[in-house]
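Chain IDs A, B, C and D follow the sequence of writing; residue 1 opens each chain.
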Amino acid sequence: MRQAVALILVLAVGALLVFTVNAYLLPFGTFPERRIGGFENESVGKRILEDAPITTGSASVVTSVVWDYRGYDTLGEATILFTAVCGVAMLFRVARRRA
Amino acid sequence: MAGMTVIVRTISRLLFPFLFLFGAYIVVHGQLTPGGGFQGGVVLAAAVILLLLAYGIEGAQAKVNALQAELAESLGGLILVWMGLMGTIVGIAFFQNVLPFGSLGHVLSAGSLPVFNFGVGIKVAAGLLTIFYAILRIQGEEEK
Amino acid sequence: MSLNYIIAMLLFTLGIYCLLFKRNIVKMVIGLQVLTNGLHLFLISLGYREGGIAPILAGEMLGRGATAEFAAAAVDPVPQALVLTSIVINVCTMALALSLAIYIYRHYGTLNPFQIRRLRG
Amino acid sequence: MIAHAPILAIVVPLFAAFLTPVVSIVAKRFGVERARDWFVVGAAILMLLIVASMVPAVWRGEVLVYKLGGWSPPWGINLAVDGLNLLVALIIASVVSLIAIYSVVYMERDNGLEKYYTLLMLVTAGCMGVTLTGDVFNLFVFFEIMSISSYALVAFRRNWDSVEAGIKYMIIGSLGTSFILLSIALMYGLVGSLNIADLAGKIATIKATQPLPMIVPLMLTLFVVGFGIKIAMVPLHAWLPDAYQAAPSAISALLSGATATVGVYAMLRVSYMLFGALAIGTMFIILGLVTMVVGGLMALVQRDLKRLLAYSSISQMGYILLGVGFGTAMGIQGGLFHLLNNAIYKVLLFMCAGAIVYRVGTSNLDELGGLGKNMPITATLFVVGALAISGVPPLNGFASKWTIYVAGMEAGQPICTAIAVVMSALTLAYFLKAINLMFLGQRPEHLREVKEAPPLMLFPMLMLAAFCVVFGILPGLGIDLVRPAQSAVMNQLGYIGSVMGAG
């Protein structure tokens, strides 16, 4: 019984997500006929594509987003890696017996 | 861990320099090609982990031991934070791109970005290796 | 181009299904990975552009310095950067979760989450 | 220096986290292992000072915008500090400083302490990052730092119960953060931006279209579920009692004082700033009432002190949601004041529980008794905390609960007020039970030799109890502290204007 309810819940969530995404979102660079609000042409990505080679000097725009426009995020990402390393090392630490 | 047969050992010994070079290539060309510090760092770590699988933990530790890995991780982190602070000292804001840009499309271009890639490459390689060593250390203890 | 979106959302739902119905912690962690990978696929699809090129200024376009033409043809770089960040987060979560699973197995001798409920009430 | 204060408040704990392993190695070489602990305490206090240095400017009504990498919003990431951020940052910085002092003695019997302190600083950095940022994806990244390090800290002692609590927390929490990421992805797909102020303006435009596009409430729901897991709203609370029971007491205090506060903050930021209070009030009221009642009823039947405190902290979260859900100036003021008070007395109570665990070795109420003679100071402090949390008049809990009751009456919700009053009485009931079982009654033979907690543990507890009394006797002081935050919550347009105007 609980399983059936959970299954129905999962299916409902899936259907809702699929429906919403289809109804409101279009890929980048498509004419915004279904997209609401009309913010298509103000996308941050568009402006970055135009500016990045000049303002950061990097040929790969993804790298310039990762390390320059959103470099602080990447610092956070490196910190997460540090956290995971710390956590794993903490879990597998060798217990020193105190004399 | 005891390691594997002589075929696997030979091939992984032969492959190791190439993998290492490939990882370094990905790190250094981060601002020109797909890839960058994280991806290259993973390849670098994979190169050492290949040795670990073929030769056992001693074989890998002969190349990079656990303390070196931990120190290298701190070094990578310090490079990142230092370059971030450079932005505050030289420029106006944390994480500003302060080094000269160079010419677009060359290996030494894009200001601070190659340095960031280099730092994070070291950090990721050392971090993944540290995770492997940490897990293996405790497994090895159980077998004894 | 909405097929990508549908499949991404189905993967997300499949991940939730795994988390709710699987009786093995390792399988639950795999479910979490499926879920997040669905999300990554979704993010990447958001930046898709019909006939687009990779957001890297290279080759002939670099030679001509045609940045405007490049900007009109390339796909959105921001979701790709977000996915790179998210992948690393995902790897870290997985490393920690699997380490905990090793400990669970050591303490309880099983990975079935329904048998390791000593904390109750 | 003051211009860089927002970023320094995040970088200081981050730097301390990176340096802690190095300091630890050096300190061990020179034979002064405790230097590491005091290094962490120093970093926490430095962070508190940096946060405090932002107070005058923000209380004048400014929004401090810090553009990372020099990119003006919305192209890059920016930090934006208004009254709400600052209140939460102050709470976190003070709580972490006190917990760092408390840990020096409390954790001394454990091994692997350099990892403990590193993770403590990482949780702090994550909390600060979530609090001060003005970018929604950056909020997600730091939320993950905070979450992953708290998963690891819950499992710190590696017993069967802490490992189980850790993996439970981890799986539920990861599901929550994926929901947040999904919502961020939908948002980026919809309007192509990641800056909170920019998004708020654009979403306001989209909300104006008729009929309301279904994607907007969907995004809001995903956010509320994601952050609701962190603050243990009731249908999503399963991980919390296990985690609080199994973690070391200092970490339980940290979870209830810092990460839960951050969860509430993130929820407020998203629902009031990003979505402009889109019909969220009623939902918060219902969720708040359910959370309050279920938490209170479950607390009544617990036989373990830390588990009882865990359920009571679920119950207190209900009060905060209720106050915030009324949506009036007074309701939000009451909710935020209760957030502040909750951090104070919850940390105090967990520290008292930790002192008992430190001296006796168990937190099972059935095995305790008569400790009032052995540990008079701890007992007094616990009673102060318990009376404060139950809303007994001269203490701070009363002041904030009273504000919430009045707000409820003014908002035309007398039933909610009545339920809140009844739950308050219930809180008093289960805390009296706990006090009775622990400090009064028959003292078992093996507890005869128990000593008072060490002074270094008593010091942070005394500080917190003093705050309880001060905010209780002078509620105007607390309200003054909270008022900038309340006006920031209700001033969405001002926030958007200041952040976007900074570019």
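FYI, a residue touches a chain if its C-beta (ideal position, glycine included) is under 8 Å from a C-beta of that chain, and two chains touch if they have at least 3 such contacts.
These numbers were taken from a predicted model, which means no experiment stands behind them.
A count of contacting C-beta pairs for A-D and for A-B identifies A-D as the more extensively joined pair.
Separating the CA-averaged centres of chain A and chain B is a span of 23 Å.
Rounded to whole angstrom, the centroid-to-centroid distance between chain A and chain C, based on C-alpha atoms, equals 9 Å. For this pair, chain B with chain D, the centres built from the Cα atoms lie 36 Å apart. For chain A, residues touching at least two other chains, in rising order: 17, 21, 25, 28, 43-46, 48, 53, 59-60, 62, 64, 66, 68-74, 76-77, 80-84, 87-89, 91-92. Residue positions 32-34, 36, 38, 77, 81, 84, 94-95, 97, 104-105, 131, 135 of chain B each touch two or more of the other chains.
Across the assembly, chain C contributes 12, 16, 42, 46, 56-58, 62, 78-79, 84-85, 88-89, 92-93, 95-96, 99-100, 103 as residues in contact with two or more other chains.
Viewed as a network of touching protein chains, the structure reduces to a complete graph with every chain in contact with every other. Partner chain B is touched in their complex by these residues of chain A: 53, 56-60, 62-64, 66-68, 71-72, 74-75, 77-78, 81-82, 84-85, 88-89, 91-92, 94. Partner chain D is touched in their complex by these residues of chain A: 16-17, 20-21, 23-25, 28, 35-37, 39-40, 42-48, 51, 68-73, 76-77, 79-80, 82-84, 86-87, 89-91, 93, 95-96, 98.
Across the interface of their complex, chain C is touched by residues 3, 6-7, 10-11, 13-14, 17-18, 21-22, 25-30, 43-46, 48-50, 52-54, 59-62, 64-66, 69-70, 73-74, 76-77, 80-81, 83-84, 87-88, 91-92 of chain A.
Interface of chain C with chain D (complex): residues 12, 15-16, 19, 25, 28-29, 32, 35-36, 39, 42-43, 46, 78-79, 82, 85-86, 89, 92-93, 96-97, 100-101, 103-104, 107-108, 116-119, 121. Chain contact summary for the complex, chain D toward chain B: residues 4, 7, 11, 14-15, 18, 21-22, 66-70.
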